[in-house]
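In this document, chain identifiers A, B, C and D correspond to the written order of the chains, with residue numbering beginning at 1 in each.
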Amino acid sequence: MKRRLRLLVGLAAVGSMVMTACGGSGDEPQADSAPYKIMISAGSDAGGQTDQLTTGVISARAAVKVVNDAGGINGKPVELIESPDNADPQKALSNLRAQIAKDRPDAYLVASGSNVSTAVAGILRQNEIIFLDSGNSADTNKPAENPYAFHLAAPFKTVVEGYLPQFEQNGYKKIAVLHGNSAYAKQFGALAESVFTEKGYETSVVEYDAKALDMTAQISALQAKNPDVLVFNGYGAPVGLVLQGITKLGWNVPILGDTSVTSTPLVTTMPPDGLIGTPETKNLKIEVTTSVNVATASEATKKAIEAMKSMGEIKASLNNCLNFDAVMLLAAAANHAKSNDTKAVADALLLPEVNTKAGTAVYDTYPYTADDHQPQLPIETHTFVAPGVLKDGQIGSAEN
Amino acid sequence: MLQLWTAVRKVPTWVFPAAIGLFVLVLPLLGPGYELTRQIELTLILALVVSGLNISLGYAGQLAIGQAAMYAAGAYTAGMLSSAGHTDLLLQIVAAGLAALAVGILTGIPGLRLGSWSLAMTSFFLVLLVPDIVDIFEEDTGGHLGLSTMLNPTLFGRSLAPDAMYYVIVIVAIIWFAVFRNVVASRHGIAFQVLKQSPVLASSVGMSVFRTKLTGYAIGAVPAGFGGALLANLDLFVTPEAFTFHMATGALAASILGGSMSVYGAVFGASIIQFNNDQSSNFAEYSLVFFGAFLLIGGVLLRGGVAGLLRTGIRRLDRAAGLWPRRPAGAAGGGEAGGGAADAVDLPPIEGGALEVDAVAKAFGGNRALREVSLRAEPGQVTALIGPNGSGKTTLLNLVCGFYRRDAGRITVAGTAIDGASPHRIARLGVTRTFQTPLIPPGVSVAEVVISGRYTSDEVGFLSAVLRGPKFRRIRRHDLARAEDMLRLVGLAHLFDTEAATLPLGQRRMLEVARALVREPKVLLLDEAASGLDEAEVETLAAVIRRIRDAGCAVILVEHNFGLVLSLADRIVVLARGAVLAEGTPEEIENDVRVRDEYLGIVEPGDAPAVEEAGTLPERTAK
Amino acid sequence: MTTPLPDVPLLDVQGLATGYGDLRVVWDVSFQVWPGRVTALLGRNGSGKTTSLRAVAGLNPVHGGRIEYDGRRIDRLAAHRRVKAGISYVQEGKRVFRQQSVEDNLRLGGYTLGVRRSALDADCDRVYELFPVLREKRRHPAGSLSGGQQQMLAIGQAIMAKPRLLMLDEPSGGLAPSIVAEVMSRVALLKESGLAILLVEQAVEAAVDVADHVIVLDIGKVTLSSPVGEIDDLERLKDVCMGRVPAIDGAGEP
Amino acid sequence: MTLIYAGLSLGAVYALVAIGYNIVFIASHSFNFAQAQLMMIGAFVTYTGYVTFKLPTVAVLALAMVVVAVLSAIEERIAIRPVSDHQTQLITTLGFGTILTGVAQLIWGTQPLQVPFFAGAEVLTILGGRVFPVEVALVVFAVALVVAITFYTRRRMGGLAVVAMSQDEEAATLRGIDVRMLAFAAFAVTGVLGGLMGAAIGPKTFAVASLGAALAIKGFVALAIGGFGSMYGGLLGGFAIGLVEQYVARYLGSNFTNLSVFVLLLLVLMIRPTGLFGRVQERTV
């Protein structure tokens, strides 16, 4: 009797799974006024449902609402298709292929995570879909091969060069770089090494495993080099582990955290949850864009923040809201070109009257050129501030 | 309804999977849409990986669960070949299979020596290493970012359209599953099950335990390599994130939920996991909880897997339709009475050989289980070995079979000294045995159990097992015929197709005799073959043993049933306290007062810890 | 043998059928055990003696018949509860806990008393009085003891639980004659103290020396049940035990 | 010296996981893959106790122990008991662990949370090495726990019974030991200890939902190196892995840490298949 019951329940479970699986697809009603379809991969380097990811998606939703409220793109509403892939490149690719087979999207965005970008870049190119890549993967900055892909985040070069004024101001000569092993972190580390060395700084670079639970070894390896400053990339728990390790080693060295450090709530939250004001963050300065710094943020940024807040809490730094800008840029370009055609939109994106006046939030402007699809941002876009409380994606609000 | 079922069951079983395979192959013509075909592609690739797991875990019983690493090896091999311009898909698939095989062998050699949890650990750890290794060879593998430089695949010089990958995947899967089925249904597949049931049993039919384990593990790696190559070419992209711990556990779950010990269970399991992966993303932040609950509930409910449930269901329908138990396949129209009594089968003469045990001694620690025991068992005679518990009978058997190394003395089989030979070599010399507790692998038919005894006779290579060529067929026919003869001899012919493990004890014992006999052994060791049998069964057994003796085999009977021993033995050797107390004809022994006292187990002078526990076999402690 | 039989047996087994899994070893076995008396189960290997004991101890399922202990049925009682109820079973093969010390083994015997470890010292002492050799070895791991010592330890462990029924499975198995004599003399002492003892033995003479009542089993059935006083021909009893002489009239008491 | 301390404290974390595995393994010969996740929940509950409820240390520890013990008991009932074979238990306990991770993400999010430590975060200098109080505490705690468990298994009836049960379940039953109940109790006790371990580990590693996965395998390896069922072995295995990881990361690079641990594992197992302290099964045939 018991066995039979188990059999029945087991079969029922399997059956119902198959049913739901089958029932899940193929019931899309076809709308008459074909909307402008933007697909977004909800991905992040850290994997899982992180705050970065949700913030990235919220920012895109907010922009879609802003654009639609303003009449849409060329009179058509914008539809956001979310690909729930949790930064899994395979899944992102799978979802994208399915979407193309069913209903080709006009544009594609990734919330963050260059591994997803690398995975989808090829198929987007094949299908001539415009791709605004906040993951800045290498494949998406080859305008000759891939004319419809654009980087959204500041180029690594800008980011890395952003450190140089700091070195100069403070007279740092020996630089230590500590970075993680995610795709982004590795690129950051490699570029930092070459740029700093090229500019005549004595640079030592050490990588750590983002899954490790103790960073003492890596830190002491750098400490042995006795550098003037530590440039540090990290996101999530490793940020805390590294900062703790530095404190433990009694290493009194100025630390410059990159934007992913800034995105980590630990350094933008007061104790007991976070580390603001603790010995760990005493020497730390974190990299922010003008928009993240409340003091320097533009009107457009403030408007954008209001729009995003209406969609949900902005849990992570504004740096994760590049997809807001992506949607705004797309709308501006398509409206300017008066066409949804991929090539027309891509061409329009190159025009200063489009990319400086799109109402973008994270960067005021996205200066693209025909042979470089990275936004050529001025070095001053990035500055360094002491850790402060993050509120609505910004640091340094009046309430502190 | 039942008639319909009867009609369905008349169709050979291989037709159904073949039909389904064909259906899947032509499915795109029906326009199912991209999502479904994509799901099928991914499911089949996963099924390839899972089927490898089924071989090593389900059939060979090794807790080797690092299939994701072989999968990765295959994918990267294909990816790197493609990036280097070798776009031919066939080449890539073969190379990927070989690469996975190499990984399997390399990691298998240390891992399999350890076994059980240590093996589980090392193989899981292997998965953990994938990203690191990919990283170390970043230039070729693309490191964390993934390998995105792959070129479009070609086949026989022609470039493949993106849609064509579907057909490639389905065809590879169909071919693999046909191969898998053929291997499993061949004696090699049965050999894995024998090994899983008991290493002692495996070596007693002449199998090298380590080699068989390694074969199972290595073969399991190959389809994972194929899967990897297909995955790489499907997406033209390889990322280390496809080969995570999560993937490895998913494959393990698929194997167990589908039914590890089945061929097509891999497909069921892979479908379940693939659909679950697909569905769980709809649950967004609940996806982990969903997946966890799924594993938990699936694990509790689907013991034996979907394949197990199906098997049970088919068995029920069969029984309802009166199709079970089935008649012997080979003996069509024979109209066997099917009674328990042995048919009067002529046992062809067996070239027996004498077993000589000369002054053999064995001590465990300080305690001497056997001291200077000598005996001789002649071919064409039944030599009975009796004695109270703890007198050293089982120790002697284990020495003869090679499970123990003796401390002193000599053992020869038909004039060949066994020296330090390993158990499977001794088995190949012509020594077979039965066990106190019959060792019958579950899920195997009566006929296959008997055939497993012929593992060393007429060797069949893997390739011919897969291709099923004329030689294979001839040997197979011979195997079946021999099995039927043996079964008729022990009176089990009517149970030819029954699952052996479901037989009652008495029939399991007779089955063991048939298995031991099918190899025409020189020496047959029967370890308490009559215990637990009822009187009629004892009579049948006695008749069978007499016929074996008359055929020329040297039979050694370890037995407590004194009446049986007296009626059956030509010579009786009485062991007590690890030494031969008396030896002689039944009459002599029966009238020996000392023997009677000893046999009733009066006392033993040595005050030593007990070494023998009745019914304890070596592998009980080896677990 | 002069002690008058109490009115009710402590253990009453009627028509017991039991076995392992699908293998039925015992078909129909009945016997009683009284306080202060020894009932011996005899018979050759495989006749079902141990299986019957295991059923009484709760290790094997009861397929048929009934087991009554102290006036109530215990067929379905969990094995560890039977120990608490006063049934102590010394298995054959000296199954002591080999990694643990002799003293810890004894203390484990008193597990059901539910007291602290140190509170069992007095009880341990009582066992040491019975088996002085164990006191010398109290700190040694049980696995290092000789077979006879292990057997004594196993018995000592069983009586630590202060049982009312003691079941001994082949206490003489594999022991030297002097040791067997010693063990049997202790069994006699335990009997005097009022314990009901159920003894399984292959050594017929040793069993008959200490037993008040013998039961002979063959192929899971009782072939002889008789007070020891009524047995005059020991040789004949041995023949019965070996199964060479068929069942005797009056086999299996009602 | 600092590096040694770092390695030891990290090793202590692994050792604690191994100890958790071990208790269940000794009591029931089954494997609890969710052990590390239980500890992760312990770390989160500690965080909640301190930060959200602002409870005193004693209450926080009690809360962590009770919550994790209850979860552990639930696990025994739904993931262990209904499944008899160890192979399937691998799946069900893995499933339970995955559920715990998922639930932790739902409740506490994916961001690392700073877990306070009652003895503060002032760096100590010992023998020329620098170390956090919590790291010292972790090493002390792991060693003390192993000593305490060893003491318990030798000096207390309950402990004697568990060891007896792991040697011979049937003989233990015949001494009146309720084997099933004791196996269940062992599970609950690992829960209690898991809560405590979580409270100890949290301040070092932060409370983060991915903690369980990071710890599970390393704890397992610590156990394999030390020998299944051996408390001292688990401790030693944990320390060995911690030290190897630190030194390899320092002198070879972090790419090689896992690889080195794997090599260490293989070496140990090749030389002693049952681990450093694993009992070689006596053949009693």
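We take it that a residue touches a chain if its C-beta (ideal position, glycine included) is under 8 Å from a C-beta of that chain, and two chains touch if they have at least 3 such contacts.
The structure presented is a predicted model; accordingly, all values stated were derived computationally and were not measured.
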Contact-richer chain pair [B-D vs A-B]: B-D
Chain centre separation in whole Å, for chain D relative to chain A (CA means): 36
Approximate Å spacing (C-alpha centroids) for the pair chain A, chain B: 52
Rounded Å distance, chain B centre to chain C centre (Cα mean): 41
Residues of chain B touching at least two other chains: 135, 285, 287-288, 297-298, 303, 613
Multi-chain contact residues (two or more partners), chain C: none
Two or more partner chains touched - positions in chain D: 105, 255, 258, 282
Every chain pair in contact, whichever chains are involved: A-B, A-D, B-C, B-D, C-D
Residues on chain C engaged by chain D in the complex (per definition of touch): 57-59, 78-80, 83-84, 88-89, 91, 95-100, 104, 107-109, 111-112, 115-117, 143, 157, 161
Residue ranges of chain B touching chain A (in the complex, touch as defined): 33-36, 38-39, 42, 135, 142-146, 148, 235-237, 239, 241-242, 271-272, 275-279, 281-282, 284-285, 287-288, 297-298, 301-303, 306, 309, 312-313
Complex contacts: residues of chain B adjacent to chain D: 57, 63, 110, 113-115, 117-118, 120-122, 124-126, 128-129, 132-133, 135-136, 245, 249, 252-253, 256-257, 260, 285-300, 303, 364, 394-395, 398, 611-613, 616-618, 620-622
Complex contact set, residues of chain A against chain B: 3, 6-7, 9-11, 13-14, 17-18, 20-21, 24-26, 48-49, 84-86, 88-91, 93-94, 97-98, 100-102, 114-115, 118-119, 121-122, 137-139, 181-183, 186
In the complex with chain B, residue positions of chain C that touch it: 22-23, 25, 44-46, 92-94, 145-148, 150, 170, 172-177, 179-180, 202-206, 238, 241-244
